[in-house]
């Protein structure tokens, strides 16, 4: 039984806590910490058997019983808490992005490599653990697609965030498309060499005023010569639209959206099925549980996680390269970053 | 080049004429006959190069140049014209049903067997030549389904016929479901041993007053022990609904409807595709051309047609057995008929 | 917080226990009982916080703290434990079938009606709580299908049970098709008036020797005049095949199988998706949790469950009528039973 | 009845001839010309009632009975024959591309505008007349997609052409992707402002040696600010892969491939449907007939064709811009060309 501490008790911290409680019997949540811990969250934590509810996460790092921490604090703290947790010898599951600065992530990476104890460091790219994307990746690994020649990812949110949030989000590439940049890397198993990004503000003019775009495309060259396209939108009125495709010398694998049911109704108006699941927590709930389960398994079996610090680093480099490409309207090599 | 005569210049006669003109280069329509030939049809016939337009079909039978006839007259004349055409040594394509009376069909069968010239006699079960049903049958023939254990056919018209027509139609089993009864036989490759039919009048009370039902189910036992169900309706508001399924020891093959395009539109209201093609001529146009093409090929290559007089006989027996089953509310063995 | 006792610690008892532990926070499992309680199950129960592990289920009935019991014992005990639990004033969730005898179910029904305390009595027709079937039913309730005219249910297991089990199972209608008989009733919202069943032994001759069939079809007349067909098989090599369709005056709703992912792979061999989920526990896991959640909600909100004792009674009558129909090869009215 | 002359009796000339013979009763093919007319083609032409078979196409232009010509000669002659036909006052259907040189197309355009007789000039972008793409466009025109924000086209051939052909083809953008460049323009109803193309040689090294790529992506900015991506491949082992998508403020419309039948077979190996139609003539046969039918209708009704000389001009500009973008690895504005 692995003793776990959760740092950050916001939405995603609670999601991970529930995942462990209901689906990871090999882990026990010994403590949860949040500087702005809400009383109802503290109450809930107690009710589900989490003995220790702290404001100061250092108490988690100082607890020798705790072997693993989940870093669910705000993004700007991920790197510094990571460094402290590495120093304390804890295995780490860190939400993405590790940081918006390449330098800070590299600092974490160095600390990790220098750690006398071999530590699991998993980055929260939950979609890699989604049943559909995992099956897509598996088709590639099984050789059913042959040599990868083209990858496509479509990613559309059901509703744009408030412009106020957009202003501090780091931009659409860092805030939203980072998952899809990682997905191209994950599905293809290839490093990305060069990106070219286009963007437009077509949905909410306030997003444009905040200096960001709400619609974008990214094309990429991969290390093996393959090409990729990603398209993103902040608003698909029909729901959360998440699809991908890998094409290669032996075939093509495609994944579509999931919906609440597969019922199809034929009437005078047409043949109609349900819309995609609306909300990312609903769409990806299975993947949230799977990623935490794998984190614990990696610790128990001394294995490397599916999404590690290098993946975390690459995704941030890609997001920065996309932003640069958009600003300068030119293809940007990743090694420029 | 086979010289062909068409007997009956109504809708289906014209369909076959067009099929030959546009898709069967090995055949030439030398004559078309109809006792009530409309002037515009006669004019059209001339314009497309049909030299002879008759009122009396005997002129076709008497023409020694004509090797093959298509009998598209009204059902009550199919058998007698067949007998005359056999006597005249013509190959015959006859619309279904050959007759509503078993005795008359058997008479045709005997004449055919007694003919000194080997004649092709093909019955117009056009659906056997449809791209979807043919692929379903092919899956069975290829052994991909294994031993057939269950067959299902769903058959729904977009709109009921006028009650006046229903009164003289021979009833839903003879008029409409005969295609589906034949389809179970065709798909399974099995004789049908016993049927049980249920019916209800749920769509148009006038159909009930005319002594018929507009909704029905049929269950069957096949010669190899397999089971089958057929369901029929005179009115599917979303269009002509034609689906089938064959299940066996190695798998299951299913065919769905065709539609005008495969475009799917996602909006706030759902994920919507097009309705099935509305009209049987639209849905099955390819099969009408294919069946006539095969008729000519059978003559040229001295081969047996996919749907012969035995199939025509069995389908009528099945329709009669279903009617009897409905009336007596009991399973009826086909050998009772 | 409702205190719950689980009677029967076999597979389905454990499924319900897990459902409550992970998804029904308003309920607490206070005790579990089984005369043949396995040590590892007892250990597991303790580890997840079930304080009391009994051999004798009467200890559950005698515990005044316990308000609700889940009867997961063997079928032949369902009725007698139900009677005792009613006498003890407990709300009851009872696995299906309540009993194979109509008389015993009616006894339970009378006791329930005579109980001074109003008790929830829910029967374990879990499929009614499945996301797909619930959506199908909802389409009917919403009036999108109009007047129901036809219902179809296809139900195929991935593998037949051992012939030894078949011999004591009560036959395919009572053991397997009872879910599908209930489904026709649930989807249509109609009583069933008459059934006609056909059966064949096509999969395993041992099943035939045990006096049962492994392939069957059932046709039905519903109270509103609608018709229905059900087809069943003990072995679909491609997995657990569970589909349904409701057709009516305004349209048609269809539900298909679920699979592990929606990935589709195109290669030289075809365009291939995943097989249906193989095992009923995997396919219907969500429904198992949903039915227990609804049971607790019905108690808390004083509401009637979606599947009550009348549904349990009807389904057993239908299974008996089907068996009689098969033996006598004739349609059987449900009021004969 | 419009008298038609066909200039060029190669594959596509014959396709158009057959389309007219079997599906355009308002047109009569009076002559066909080809400097290298094969005897079997000449024979076939005679047999289907084409009275005049010429080597010199000027005989067609000189025939005052002929009102319309179809230019199906080799690409390098399209422009000069167009100019002659305009001078002769013929309506023109011209295969794409009109020419690989912008200057020559503009010359044709000027001649057309200067013609005293108003002439129909239709360019052979047959896919605009395909049932699926037409339905996709219709969804946009009907306002069901709202403001277009993103367009995607995927286009993959089943097999690469010989490298020898590639060397003289004008490159992948001019030879193959020109259809897809046009499709983005057609579907969106927007001019294209800027393109960025990537390419790789991943399939056949000989194509690389011939100076071309076999895999490519194109991203575009449209006049209304929308974005688009196109991806192309010379070889999809599963068949001719042609899909498109239009996304906007009110929804998203997607079209998939067509196949020979919709039969789906479930076995132990998966749930498998048919591959896409393999060959472009098979996939787009309906569109070939529809485009010629519309050409004749435009003449008869004095209407503008769906694909005119401006569309022909834009597509060539786009192909040239893509080639430039690939060579210089930078986004290229269309007004640079």
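As written, the chain order gives the labels A, B, C and D, with residue 1 at the start of each chain.
Basically, a residue touches a chain if its C-beta (ideal position, glycine included) is under 8 Å from a C-beta of that chain, and two chains touch if they have at least 3 such contacts.
Because the structure is a prediction, the values reported are computed rather than measured.
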Self-check item: Required minimum of steps from subunit A to subunit C, each step between chains that touch
Solution: 1
Quiz prompt | Third chains touching both subunit D and subunit C | solution = A, B
Exercise. Just grab the chain with the largest centre-to-centre distance to subunit C, centres being mean Cα coordinates.
Key: D
Self-check item: Chain centre separation (subunit B, subunit C; CA means) in Å
Solution: 42
Self-check item: Gap in Å, rounded to a whole number, between the CA centres of subunit B and subunit A
Solution: 58
Practice problem: Report the inter-chain centroid distance for subunit B and subunit D in whole angstrom, where each centroid is the mean of the CA atoms. | Solution: 39
Exercise. At least two other chains touched by the same residue of subunit B: list those residues.
Key: 236-238, 241, 250-252, 266-268, 274
Quiz item: Considering the complex alone, what residue numbers of subunit D touch subunit B?
Solution: 21-23, 131-132, 134-136, 139, 144-145, 250-258, 260-268, 274
Exercise. Note which residues of subunit A are touching subunit B in the complex, please.
Key: 236-239, 241, 259, 266-276
Quiz prompt | Of subunit A, residues touching subunit D in the complex | solution = 147, 149-150, 152, 154, 156, 196, 198-203, 215-217, 219, 221, 225-229, 231, 233, 235-238, 241, 247, 249-252, 329-331
